[in-house]
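In what follows, structures are represented as structure tokens.
Both of the next two complexes hold chain A, though its partner changes from chain B to chain C.
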Partner chain A sequence: MRTFSVRRARFIALCLLPGVVFVALFTYYPVIRGAVMAFQRYNLFDLTSTPFVGLENFRAVLGEDRFWTALRNTGTWVAVSLFFQFFLGFGLALLLRRHFRGRGLYQAWVFFPWAMSGFLIGLLWRWMFNGQFGVINDLLLKTGIIDQRIGFLATPGWAMTSVIVANVWYGVTFFAIMIMAALQSVPKELYEAASVDGASRLRQFWHVTLPHIRPTLALIVLLRIIWILNFPDLIYSMTGGGPAGSTDIITTFLIQQVIGGDYGRAGAVGLLILGLLLSFSVFYLNATRFEKAR
Partner chain B sequence: MKKPLLAAAVATTLVLAGCGSGSSSSGEVRLRMIESLTSPERTKLIKTLIAGFEKANPGVTVELVSPPLDSADQKITQILQTKKDLDVLEVRDHTAKSFSNNGWLAELPTTEWPGWSDLTELAQKKAVEVGGKAYLIPYGFYQRTLFYRTDFGMAQPPTTWEELYEAGKKMTSGDRYGYSFRGGKGGADYAVMMISAYNGEALNPEKSFYLKDKRTIFSTPEAAQAMELYVKIFKEASPPDSVSWGYPEMVQGFTSGVTGMLIQDPEVIKTVEDSGVTAWSTTPIPKGPTGYAFQPVGYAGWGATSFTKHPKEAVKLVQFLSEAKQSIAFAKGNSLIPISKQAQNDPQFSQGAWKAYLQAQQDPKQVTTIRPVDYPGWSQFGVDSDRDVQALLTGKKTVAEVLKSWDAFWIDQAKKVS
Partner chain C sequence: MRRVATVAKVVVLTAWLLITLFPLYWIVVTSLKPKPEIFSVPLKYWPGTVTFEHYADLFSFADFGAYLLNSLMVSLVAAGSVTAIGVLGGYTLARFAFPGRGVLMLAFLVTQMIPLFIALGPLYLLMSDLDLLNRLAGLMLVYVAMLVPFATIIMRGFYERVPVALEEAAQVDGASRLVAMVRVVIPVMLPGIAATFIFAFVQCWNELFLAITFIDSEDAKTIPVAMNSFITQYDIDWGSMAAATVVSVVPTLVLFAAIRRYIVEGLTAGAVKG
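What follows is the complex of A and B.
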């Protein structure tokens, strides 16, 4: 054990200062400012008077049907997206673990979408799903699967399906990257030992691979839930939450508050999202820890 | 042993200073300018205009910031809130009120500037529309006009909404439709346009969501009549997919031959010309049963910030951009109705597709209006009403329900303003 002199400690603190200042300035300050706004009447229309109004913004938000619709949609959006992203991503990771010619190049191609802006991807899908000149309708018509064009983004049920399809396409890659990294951390000797013992591929997967990567999986899933919920880009550029709010999720609802100019209400929605995610994370981490202990 | 302390302190100061002011310390003046309606071609054009300004004013350099269109006004608002590092900016008709309310815009001089008298009457009027002072100089106007295909079996372009419906219905068969309907973002604007036309003479053009007798335009039986027809145009003469159509889809629908009619701003003239469609023409927007059509004249312009460190140069740049040569070049490049009187002699603005605008300007029953953009609920209404229109088209709400809520909204707004 080395002991630090006071001077040394002070020097270290000083070196850390820029980092701390930076994070405080660009992360904590905006968060706190937004939280304070939630309790103010803060409408862009007139910023010369921004009095504190207590819980008025929260009451207004919670009293809107749209908020509850958005909340319900958020559940569907997160659960269905996550389900398909996870299983398709897992499958892709297992396939990409095998060695084949050109694997590096193929991997790069697969991971490419992840590097693109969600907004841009939304615009691409918006045109592909277009009911009149979209390529998806065209393909379905030519292959004879449908005999009439479908207004994917114009029909409430289809609109939700469409944005989720786009989101699954986008997010599969993330799971593939993360799960592949986790798979590479499983020691080879374990597989060798298992095959000496005569375990089949399936059993190896079940008894060696899965237990080894489970903690990582639990964390990836949590991260992903938070990200999907905080990912309005796709929906915003594809449907803007429409038709008539049927694809609104809680974060696109927030954007609409901002566009409406009411930063106070937007702040309130932001705080509600924060609360929701925090309580969910605590619940989730406890649940997964319990499983591990067993 | 104070040195590390000092070094760290200096480093921190430098970092913080780096975040601060961008103006240089030498004799050079650096102006920062931000645009809102960003597009690659437009940015290029602005840069050539700026280059001309820099050439005419040695020692002044202009840095142009071009945020992406969709979030530009939010970004500009954020910068303005910091009251730093911005000298010249693009102000749009719907941001003018909040920008000036919050004291972010400088009043521009109109008397000691020869360019002022060269502005059209409309340009001078719109420059001082908000707050009674020239907080911006418009750079051009946009108004809607009806684009129609001449090869889709229509002998005469429609002059009323009823005629548009009939003509559209005739065109609709198979994969072809009569009208490029807008059900997505901005769709409610078109419903309001029809409702206004149906209210006719009773409407107050200075506050176009209200009638001359102070009721809202949404409260009348004529409004219900207009909305019934609006829904019929969607159901019988427009692509079913157009519930979700915004600007790009409507235009694409017209240029790709899916739809035969489109109501849009003049910048679409260029798009249609470039698309290869040849059999098309334009005509003023349809009227209501009483023979009136109303529409706002949209505009945006250049303004200077109230907190600029170089007010003289900033104002100079705004004036430079608003002078005949530059403003006509800008209007041409962006298909805008120009602000300079000299443009009337320009063949581009008196021929072909542009003729419909002249026609509309000369028709006393094609009335330009001022929308209640200076009411606190204006932005909120934009979000809410688009959603209501989609609910109406998908059968989740009735005409009566929608009109009732819009009526209630604007009655409430009137109370907030007075």
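What follows is the complex of A and C.
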């Protein structure tokens, strides 16, 4: 890092200007405007008057059953998806940890869902979970697990299970990659020392590997929670939040408000999500730090 | 015991590979089946007759060629611009300490975390004010903004791995800072720059919610917008849908395979949204 001069300052400013302008104009400005709209009556179909109405939008949103359903569903969606993504991803990372012939190729193939958008993944699984001609029904019938086709996406309980299955399928690779990177960060000497002391593989994993990667894991999990919550794409194309709102999560709910043209309520939902995320993150970071200090 | 463990490992890895690949296989098979075969039980796991009628339909009934071209234009221009912006911004963030640097990094990182859907409505109004609704240029602008933080953060990481000495040597030889950057540093980083471009390209290619908010005229539709209008119809034509999925996903598969290593790096650096 070098010292500061006028010429250098101009160079820095010029290099950063385009990026800053774009982000300010097309990200921060609309985000802030959206936050302000949360306190306005702002309906796309009646823009003649957009008065400030205090907390009316929040009251309206919090008074809606659909919002609370969406909130509960968000909990299920995030917790169950995360649980399976994490443990399956961890398992995969452990299996891929050591080099074997074809490992690179294997990773390349397993990686492929990442090239797809959530929208396309939702479509793919929507077709596979189809109640009449879906391949999942067919496979379950063939193996005798069920004896009658299930309308997966038309039945409230099953619909949530189905979108979570699709989400797990998509997210396992992410955890596998992140956890592999974390595992590789454990210094070899630690294992050597542990095996000199006669520690078994399992004990090594428990007493050397886990403590070493725990802070990284905690961070990965937090980021993942935020991302899953902000990931309405898959649900949007798979069920559209249905049937009867049973797969609505808080972000699909927000998008419905935008599509419905009620920007005031959309802003209110957006701020509620933001508040939820922030308070959760603070709580989570405190909890995991506490764990570490102990 | 060792043997058993190895066999178990192979079995589990193979099972997971099959689970990962099956949906892709199934959509390809569906796209190649004649319509009556798609909608008949028992299901066939391999098409009885292979047909390309769904692909032909896409380009004759639906104007898929035009959508492809729109997607290509938007993605190329936006990804190119954002990569250039990232090359410049990443350089300054990696090489200089200046007041506000930390704040700027934070401001970029925050955009990767917060639910940006809150901006969707206001962005629609902004686009309308700028007369950019239903125009590819509007999408390009918003996509650049969406990807600037990622491109800048990841570029910064790439620069940090290029030794400063390399540039200083060039500067000692009388080259200006900019010339040193273009002649010496950028060639070293070319693979990283290409990866950033490809990643940005795929993000634009796949983007849905902004596109369906701003675009509804036929001649400005990108592929996701067109596919979205397929699903909002009462009955989904799964043959065409499967074909459209295959057409839109194949380019991204190829591109992603080429830059897998860099995506992994970006993920671990926190620049890539997961």
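One rule holds in what follows: the second predicted complex is superposed on the first by the 269 of 294 C-alpha atoms of A that agree within 3 Å, B and C clash if a C-alpha of one lies under 4 Å from a C-alpha of the other, contacts with A are read in each partner's own complex, and residues count from 1 in each chain.
We take it that a residue touches a chain if its C-beta (ideal position, glycine included) is under 8 Å from a C-beta of that chain, and two chains touch if they have at least 3 such contacts.
Remember, predicted model here, so these are calculated numbers, not experimental data.
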{"item": "Which of chain B and chain C A:V258 touches, first, second, both or neither", "value": "both"}
{"item": "Contacts of A:I12 with chain B and chain C, given as first, second, both or neither", "value": "second"}
{"item": "Partner chain in contact with A:W114 - chain B first, chain C second, else both or neither", "value": "second"}
{"item": "Touching partner for A:P30 - first (chain B), second (chain C), both, neither", "value": "second"}
{"item": "First (chain B), second (chain C), both or neither touched by A:A181", "value": "second"}
{"item": "Which superposed partner A:F133 touches (first chain B, second chain C, both, neither)", "value": "both"}
{"item": "Touched partner set for A:T48, first chain B, second chain C, both or neither", "value": "first"}
{"item": "First (chain B), second (chain C), both or neither touched by A:T239", "value": "first"}
{"item": "In the superposition, chain B vs chain C on chain A residues touched", "value": "C"}
{"item": "Which superposed partner A:T288 touches (first chain B, second chain C, both, neither)", "value": "neither"}
{"item": "Shared chain A surface residues [contacts with chain B and with chain C]", "value": "11, 14-15, 18, 22, 44, 119, 130, 132-133, 258"}
{"item": "Sites on chain A touched by chain B in the complex", "value": "7, 10-11, 14-15, 17-18, 21-22, 43-48, 66, 119, 130-133, 149, 151, 153-156, 159, 239-245, 256, 258-262"}
{"item": "Residues of chain A defined as touching chain C within the complex", "value": "1-2, 4, 8-9, 11-12, 14-16, 18-20, 22-23, 25-31, 33-35, 37, 42, 44, 91-92, 95-96, 106-121, 123-125, 127-128, 130, 132-133, 135, 138, 169, 171-174, 177-178, 181, 223-224, 226-227, 229-230, 232-233, 236-237, 251, 254-255, 258, 263, 266-267, 269-271, 273-274, 277"}
{"item": "Residues of chain B defined as touching chain A within the complex", "value": "1, 4-5, 8-9, 11-12, 15-16, 70, 74, 77, 81, 97-98, 101-103, 175, 183-185, 239-244, 246, 249, 252-253, 256, 258, 376, 378-380, 382-384, 386-388, 390-391, 393-394, 396-397"}
{"item": "Complex interface listing, chain C residues touching chain A", "value": "9, 12-13, 16-17, 19-21, 23-24, 26-27, 30, 38-43, 85-86, 88-89, 91-93, 95-98, 104, 107-108, 111, 113-126, 141-142, 144-146, 148-149, 152, 177-178, 202, 206-209, 213, 224, 227-228, 231, 238, 241-242, 245, 248-249, 252-253, 255-257, 260, 263-264, 267-268, 270, 273-274"}
